[in-house]
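Dropping a structure here in structure tokens format, bear with me for questions.
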């Protein structure tokens, strides 16, 4: 059945279907090619998984039996990790907020400053956290300070990227209104953009806090304190039931933070 | 408080956008202080461009615009200092079609944008407004009859209420000129009338010069003293509303008006 | 730790006590077609990658199957690899040999000899001899400085001075390293100084520990005797700037473990191939390049257990 | 000016909850600063020490290691790519099953728990578990990265799916569409750009995270970094840093271009773009409004 | 293919939302096939609730609704199988106020949504539509005169064009009933007329039953045959448009109509 009566209708030409097959094909082939190239480079061996998967089961079983009596001994390290994470998150987010405005096309009219900030931020972001920790341990010595500094650098990289992207995605009408009322760029950004991005800033900060807690397990490897150091000790003595308690502790923190974060987002939005 | 309108003298103004498109050609208008002028024209005729040149949001490419003591000149000629531009902008209020409020902050903070020019950076940063400024803002909110919402979030207001906050924002600026770019385009009919009446009253009570871009012809005829018709960047009509005959509109719109160019209510209830 | 390996069928000769674990074998295991040799570096790992190649090919030609050497910086990774038969041969420190045996029944097959000794002392050294030496540092046979009677290399020596370590920055290895952590910390504990009383500077290899002290990142460092020789090549004055002032009790040498998931014949074959190779001049040269090893001997499981005992004495394991 | 109507001025609301929250947060931060065991004096010679180490790192870097550094970096990139692809393949369907409107509670909660557990387990621990299956190879590293990616991508995925516009979903329901239609045409189109940019972002993270896995013998740049940091071969570390930075920034540029392409349909290199156009930033008001037809 | 409208019989229908709010009370309506019915009422009167009960988007709590052979019953009574519900929905097209298009895909794919019920999962997944279906969609697009945009992204269309795509989507469904929930609320006046005329023509040409919720009274009077007035969930007027006197509207809206409830064009041009 044809839903057209044809009477008195302006004839509109049907367009021909644009052909995206070539483009799609190229993208698929390219992705596959890179994947195959990577697979060859790293000697992918699926047969090993099939043959050896039971090997991991023993350790997994032990990992699922946390020894809660170990809890008091983990407390100092846990507290140190939390201290490091809190300080690093606070300092990192305080520093990143102005930097994020500097790195946002929407908020920063000065192209030179924009480019410089973005370049430096790209630099900061490309260095692995463990390397920051290693170098900072050399500079300020071993301990929480090196860990905190490493985390701060790591945090700035992430928050500035995510928040400046959020800024770029904002509707700029209000900013224009503020400028049209004679406000400076600073004033316009403060009054119009800042309130708009606060929820996303808050949730980025909480996300970074979670990352910091997890990252402390990495930077502990180079002696920067916290749970990482403890993890290193217990796993070297194959104390998997202790290790799993530490993991449970991190898990609780992660879940709490996630819940808090989504609650806060709902409240702020 | 200066509360007198300013003359606007537009002399042979042309605007060519960076992409080469010429949006205004040799526009000359003299608008005496305290007049309410409606600007009509097809979509793309250059209405927005025209009002935006007046506060320097769109740079002109030829001619001059004088607003009180300030003179805007084309790029290439001596520009006013950014401080002077901000001063000029602070004396020109702008009402936007889409309100351009900061949704996530309070109505009062939104209205305070009108005081950005007059406040030092630290007050802006901390949103620590002086008593006088708050008083000014409250009075503006009273004038548009929405003061009871001063501490609500802008997002919680209806469209018409938001537009009134936007008008309060311009009033707080204590402007000498108000530019309104399709201020009722997204409002429902009753609210449109409220907003237009507000503008009209402000114009007659305070002697502020008002330029308003409009889509609906009937609104222009009902509320403005003078009508400017634009077509393809040129002024093709300029005179009292009463002189705007059917043939003039046919010229502006390039065709005869059908009954459907206004929301038909021939079927009155 | 408990014995997790007794499940394998056959001639499981589970040890009576943890200290005397001898490992297991699996008579049903098929002959391997390929072997992986895991090494935990106690020296510069970048150099190790090169120097391990002759060893792998020598073993390969003796056993008639390919042998691949893999370096991991992580003790736990090495033990787990052997435990899961991902690596069949491991060149491990004494503690990890015991752990691999206890946990996975890996056979502690050989121990290394250095200058004919199957034990060595862990040393403490400093860049501030005035504080730690009660006598004037004097050069030992290798031209490097020693004080408090440590030039012989036979521990224990100079342990009276170590209470002064309290409050200092101390370069130490991971808690699983016998010479870089367990024995020195045990010695400190015996003198009433706990790890909490010093500021640890974590490194993951012995020569890094020397360098940390040499470059002033730490005041005192722990390592095996005498790790300074490794870095002397690049830093000729290390022997003057860094002075050894104390030696701990003797630590059992590191050695070679063989996976328990292999038939006893193959375990013997591998063990003998290594012993054989270590007896040839070529072998001595290669092994010296890897770990300053001068020879191999069958492992003394009782002696190996001393490291674990020391670890337990400081609350580890 | 005088009030034109009897509308009363409201009193400024006190907002105690918000104030309490701010106090609490400040208190926690202050407490953390006050209680942490740190010799803050070490910060005093931070500038001097940093200068010293920067010189050691880069004046000059160990150029002769450039080749070796690049080939290890390539291995790291391969590990990261493969890990990311695998992570995507697994997490993508799982996050559909963890999104609120699409799956029942009994499926959703366990999956979310799984994502949280994965995020709580340190990479090194994951790697050691996998190592007993696949051995001391770069493949192990890639698998560890893949598992890590499942934790974060899974979470980001279901959050994006839950944020999908509800209008099209309703339209599909009302025209009689089933589950597949809902996913394919309701959820996916609206969350696709966000999800794709998460994928790229996670790839970037994986390139950096591969540095940690060098420790356990997975190879790549991480191993080289580890070895040379240990032995304080700072000039080599400097060279490695240069390589890491150059390669990550190159990837960043490419992925940025892909992202722009996905969002705007144009190809642009973020760094180059501004040089070429030089126009003012996008401003809603200045672009011509959509022309109403008729 | 059935192309005839369906009768709708609504018998003593009540809707109480889970939060206890009763949005409809004892509503009974008989709508013969092929009629175009306008539903008017204040905001919150229950207009949306009424049309949404008809395709089961809102479950009823008492009474019955019969649509062709299908009968919708209150929760608690025997429900139709989900397959039957989908079938019913596929025979009822719905036009939303906010269009509800999938913005990031092509117009054609959007129109294809109307064929979802008739296609197997794999076709839906791969967007591998059959030739017949594409033909059907093209014809629907031709009917609303927008076929030339078939391969454009929906996001690139203007508001009025988007609403026409939405109408094409319902047409492709080959529905027996079209429900339109304020289909012109976000459109400008000329486009509103175009959309209403389209609906009217579809109703008369194809004999499809059309129910349309409207805000603007004049539109309802101009395009519908029959008017239903709702107030607080109850039908307070039901009859031919001609019978809707001033007093009826006063009852529906609770006050007399001022000149401003429609966009005033007493000042005709």
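Residue numbering begins at 1 within each chain, and the chains themselves are lettered A, B, C, D and E in the order written.
Simple rule for what comes next: contacts are C-beta pairs under 8 Å (C-beta built on N, C-alpha and C of every residue); 3 or more make two chains touch, one makes a residue touch a chain.
Just so we're on the same page, UniProt names per chain: A, D = Phosphonate transport system permease protein; B, E = Phosphonate transport system ATP-binding protein.
As the structure is a prediction and not an experimental result, all values here were calculated from the model.
Using the contact threshold fixed earlier, the set of chains in contact with both subunit A and subunit C is D. More C-beta pairs touch across the A-D interface than across any other pair of chains.
Per-chain Cα centroids separate subunit A from subunit D by 4 Å. The mean-CA centres of subunit A and subunit B are about 43 angstrom from one another, to the nearest whole unit. Note: centroid distance subunit B to subunit C, computed from Cα atoms, is 81 Å. Looking at subunit D, one finds that residues 124, 128, 132-135, 215, 232, 284-285, 291-292, 294 touch two or more other chains. Multi-chain contact residues of subunit E, defined as those touching 2 or more other chains: 188, 190, 193.
The set of subunit C residues touching two or more other chains comprises 76, 80, 83-84, 86, 203. Listed in rising order, the residues of subunit A touching subunit D in the complex are 31, 34-35, 37-39, 41-45, 48-49, 52-53, 55-56, 59-60, 63, 80, 82-84, 86-87, 90, 105-106, 109, 111, 114-115, 122-123, 125-131, 134-135, 138-141, 143-145, 148, 171-173, 176, 210, 214, 217-218, 221-222, 228, 231, 235, 243, 247-248, 250-251, 253-255, 258.
Residues of subunit E touching subunit D in their complex: 55, 57, 86-90, 92-94, 96, 98-105, 109, 113-114, 116-117, 121, 124-125, 127, 158-161, 166, 169-170, 173, 187-188, 190-191, 193-194.
Those residues of subunit A that touch subunit C in the shared complex are 52, 55-56, 58-59, 137-138, 141-143, 222-223, 229, 232-233, 235-238. Remark: subunit E residues 1, 3, 136, 138-140, 142-143, 145-151, 171, 174, 205-206 touch subunit A in the complex.
Across the complex, subunit C is touched by residues 124, 127-128, 131-136, 214-217, 223-224, 226-228, 230-232 of subunit D.
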